[in-house]
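Here subunit A shows up in two complexes: once beside subunit B, once beside subunit C.
Now for the complex of A and B:
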């Protein structure tokens, strides 16, 4: 019996060592950024791979072609001396034209497969991908994580940038009442990337676009913190230090009505021509309300509910009807936004 | 000696694996609204059955259900224990196979299934070989090591919830009662409380604490179903095979040095499930040992483990697991409802007989 136990233990060593089909880390390549574009029915995949050299890291951009994404990655893997492992992809850059044609398959494949994590960030690139990646390679620092840091909340993220992950895009494909905004970037003149707004994705298809200012309002509507954003107006510029949102929903027959109150806490940074605090508040409220209404009209026209307004009616519309939220109710939705500004302080100076 | 803690931990841990892997998916695919109703009905049935079972067992101190049925007659033993044996055997195959599948899906993509299944069955078999006390001791150890991790992952699973997905609240047609996935969801309850009837000769426990555990597990059932729903919404969550596992992989924490929190949850739950498998092996060996008293129970454990492993090898894909689960449905309800009720009725009868004799 004792011999049997020993034998069993010895066999465990073989199975438990974790060496099964193992590929050592120096034989793997771990891309950080993946670009996806589609031309004439063929996927083009770009992988940005950090390569550790002596004392520093260099960035390599490799490109592959295939009829599916996995096929293209496999193509790259076959041509590289190491095996490609998508486990650590942090950002996926999608071609704008491809996003306009519809992303459903790609996103579903990412969710199905075990390689790409569902929390990978999604962005859309507004220029030719070849051009984008060649410029990125030229400008990127030695760490190679610039694109990732750009979106990281504890690094370069700003409140006017939408933050969307693969699983959120996937949710928008299936959800009855929710769409997403995906940040749009292009290569910058002096910086690596330049943020130019957000793409409005409806059921996995890009249908419209909003600018950075509007994305800020979108983020505020998502109860995302807008802390740190500077609002410039005619008479002053203020720093947003806090925001909250109150929403009240009601159904008037078949017309959904949403009353929202956005509270902004601001600090005054600069003033011009001695405005009073009432003037500043009024200017800010009117400016933001106008901007919001403008954006909302466009969103409503595109039929994409990125604000998630349908969520507020889940308790009021039965599920069988909620299915048609985007077509039957959303176009009729009346949204009334009030902005309420609180000037928390005016710095060391009194407002005259 | 009172070993309520051991028993209670065993009862709780063996359910957790099922709750987070299979229960959430089953409930989400069985109804589109009013999931709480489906959960509550299951929980109430479970509570009633556990209570009846323990009440019935209370009439037979220091006896296990094998001797209770044998005392009534051979027919009773065959009628109740034969389905039980089949149920436990099939459950074991399904559990081993399904959990190995989950492991390959989540992280061991290149490892062949048979290796994972062999690992699971060897470890569980080894625990079962050492008898019921060692199963309980392992249970306590696993609870100390892994319960805090599980609680941590559950806390952070709330990261992306949107409580408005709770609505619509009611499913007025109770349509889920007729859906196979709903029947499958009872796998989380059935099988895990049966061991209470096997351990009476070995350890003593207080029924009160078991009932308290039943209550303590209620939040886990709701969390397993509702957190994926709150995060993804019904329409999206129903497209996932394992909603809670996908949910865990969407959690993003900056300050945690580990990228994939799914791993913590998965590995902890797999150890709990190994505990479950070893318990089932032990139960099976007990029943078979009573039929053939000449053979040592440990030989039965090895034989059953080997048979289970071979059975697992015959299952080639996920659909076959599903159809096996489907076949097991009848047995599951028979075991879950039939055994507690019969034990309770036999208990009442035995009590009356004692009274009659006394008078």
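Now for the complex of A and C:
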């Protein structure tokens, strides 16, 4: 009896497993980059597929059209010899016009369907997608993962590039107090891609744009390590080797007040005309504060809280009022940023 | 002629190696009886005569002479036959009609003590057990000189007799375990014991357990270590190894000889064996899971490389894996069957030629060969060949589970194996018990 039960269980394992649906890795198409754009109510999907050939990899760009994203991908899959497996998509490139119109549906679909990982990076493309992908294909090396490496922290990522994933965009759509910045790229003149700043996304819609240097400050404010960035000033350039942020929030009646202290540890790389270290520190502090205030004023104007300042008031504003954060409180927010620079060393030469 | 002699002649006389020899010792005329194949007759006779020549009797009569030769004993036919089989010489005094049981020079049927053939020893005692049970026990006694070491011997089997010996250290071993083992052996003393399966049955243990119930070792050093840890050791005559009872999971990773290295090195070596077992279990399953079911777990670069190496391979990953694993098992089995001089040829044919050709023929991917090599090599890091067999079997469970459910199946397979291992117990001691010192065996 026991043996019979065991046999029945073993048979069920085999018949219920559905293992005949498994497709081996060499029969799957593994796109690395997916481009999404919308024309006349129809989605246009671009997939950049590295194709392993004998001893090398070739890049293929395929294009599909459909009334939904899934429909478009299906369209591509039907025309390809292998099955499209979107789980390896590392970068999603969105058309700028489409981003300005609103991404909510697309991002929700990505989160709902399991075929695109929520960890996938989101970027915005500042030119025509056809043009972008054809240039990328032409310039990309045989590795096929160039676009992904561009954003990879242990490869080509630089601190002035914002890193935003699908789930973060989704969170920003539904959160009362937080928005996201998405990097904007276009095809480069000599390099494959060129980074031109970050898009400010408010509730899934692109509302404004900040440049690379502002993105660096944004990253520092997010406590993202900005190591390796060279800050150019009138008198010197420095390397930021460490940053920390202290934030103190407080409500003055209905006015939120945020006091921030950004501590930067820097190393001096280049100097011009013999400045003293005090001068460099002062210039750096003033320059960064000014730049930050300028950026913050613009962000406040757009109503997008990409710095996540609202997060610091979650415990101070009742939840019923918190949902009006972006409209009622954020425009009134007083942000006082102090930049404190410490020069860790001055290289092999001493400064006076 | 005495009727007893006639009886012996009737029952053993048709053996050509049985001898009846008329002999004169001193003044008495006697008949010597025994198996010529078990007794060195010339030396025995010499010894008997020398014994008589040196004999300085108090009383000059036959009975004191008999006592000088051996043990005067009344015995029936079956008892006498047992004695003959055991290699004893029986001297029959014709005039007195009395049987005397004498110790004889045994003819040498054992090999000398040599270095082990199935285990390798680095920096340790290299003499290994031989077929003779008394020599083995003697070697253990030499290795662990302690008055607490006790030896109990049993005779098992009704048609064939087999000598069993139980060795334990009464100051370390759990007396309940010892009593249980002794009781079990005594209650099944009529069963034939010719191999370990028989022994497992005689000890009342499940014959269907994939993990061996005994940890076999050829080395007196290991046996001595096991005795101190509270295990009991079984020796069977004609088996050149000691059976350490019970077998616990840690025996798969630890050797007593490891303690001859500095402590940090010992820990690292044992960890290496743990890694080896995990690699053997997981590597083939992981390959199947990652290639066929969950490629999204791989980094994209690796995914592309694997896809490239599998380009043109016709079979699904599971078929590819099972196919190569079976060929590999065949190579291992073949190289153990073959004489030592042909063994390397098989290794070369199997390893280099087949491995290279199978990849060139695009039957399997390059990566699979690497995985297989890693699996086979790491399988050999396990202590004890019998343990590596169990691990070799378990990896198929994981491969099949992985082929169906991917990484989840891999985990489920590991859980299944853990559950199976924890279900095993020997004489009430769980297989997953780590320490077995006195009084701790119940803590499981």
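Note that in this section the second predicted complex is superposed on the first by the 339 of 352 C-alpha atoms of A that agree within 3 Å, B and C clash if a C-alpha of one lies under 4 Å from a C-alpha of the other, contacts with A are read in each partner's own complex, and residues count from 1 in each chain.
Throughout what follows, a residue touches a chain if its C-beta (ideal position, glycine included) is under 8 Å from a C-beta of that chain, and two chains touch if they have at least 3 such contacts.
Bear in mind the structure is a predicted one, so any value in this text is a computation, not a measurement.
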item	value
First (subunit B), second (subunit C), both or neither touched by A:292	neither
Partner chain in contact with A:311 - subunit B first, subunit C second, else both or neither	first
Comparison of subunit B and subunit C by subunit A residues contacted	B
First, second, both or neither for A:117, with subunit B first and subunit C second	both
A:148 touches, of subunit B and subunit C: first, second, both or neither?	second
First (subunit B), second (subunit C), both or neither touched by A:26	second
Partner chain in contact with A:170 - subunit B first, subunit C second, else both or neither	first
Touching partner for A:319 - first (subunit B), second (subunit C), both, neither	first
Overlap of the subunit B and subunit C footprints on subunit A, listed as residue numbers	88, 117
Complex contact set, residues of subunit A against subunit B	8, 12, 15-16, 20-21, 88, 111, 114, 117-119, 152-154, 165, 167, 170-171, 173-178, 308, 311-312, 314-315, 318-319, 322
Residues of subunit C defined as touching subunit A within the complex	290-293, 295-296, 300-301, 303-308, 310-311, 313, 316-318, 403-406
In the complex, subunit A residues that touch subunit C	13-14, 17, 19, 22-26, 28, 30, 32, 50, 52-54, 57, 85, 87-88, 90, 117, 143-145, 148
Contact set on subunit B toward subunit A in their complex	32-33, 105-111, 115, 118-119, 122, 126, 162, 164-169, 232-233, 235-236, 239, 246, 249-252, 254, 259-260
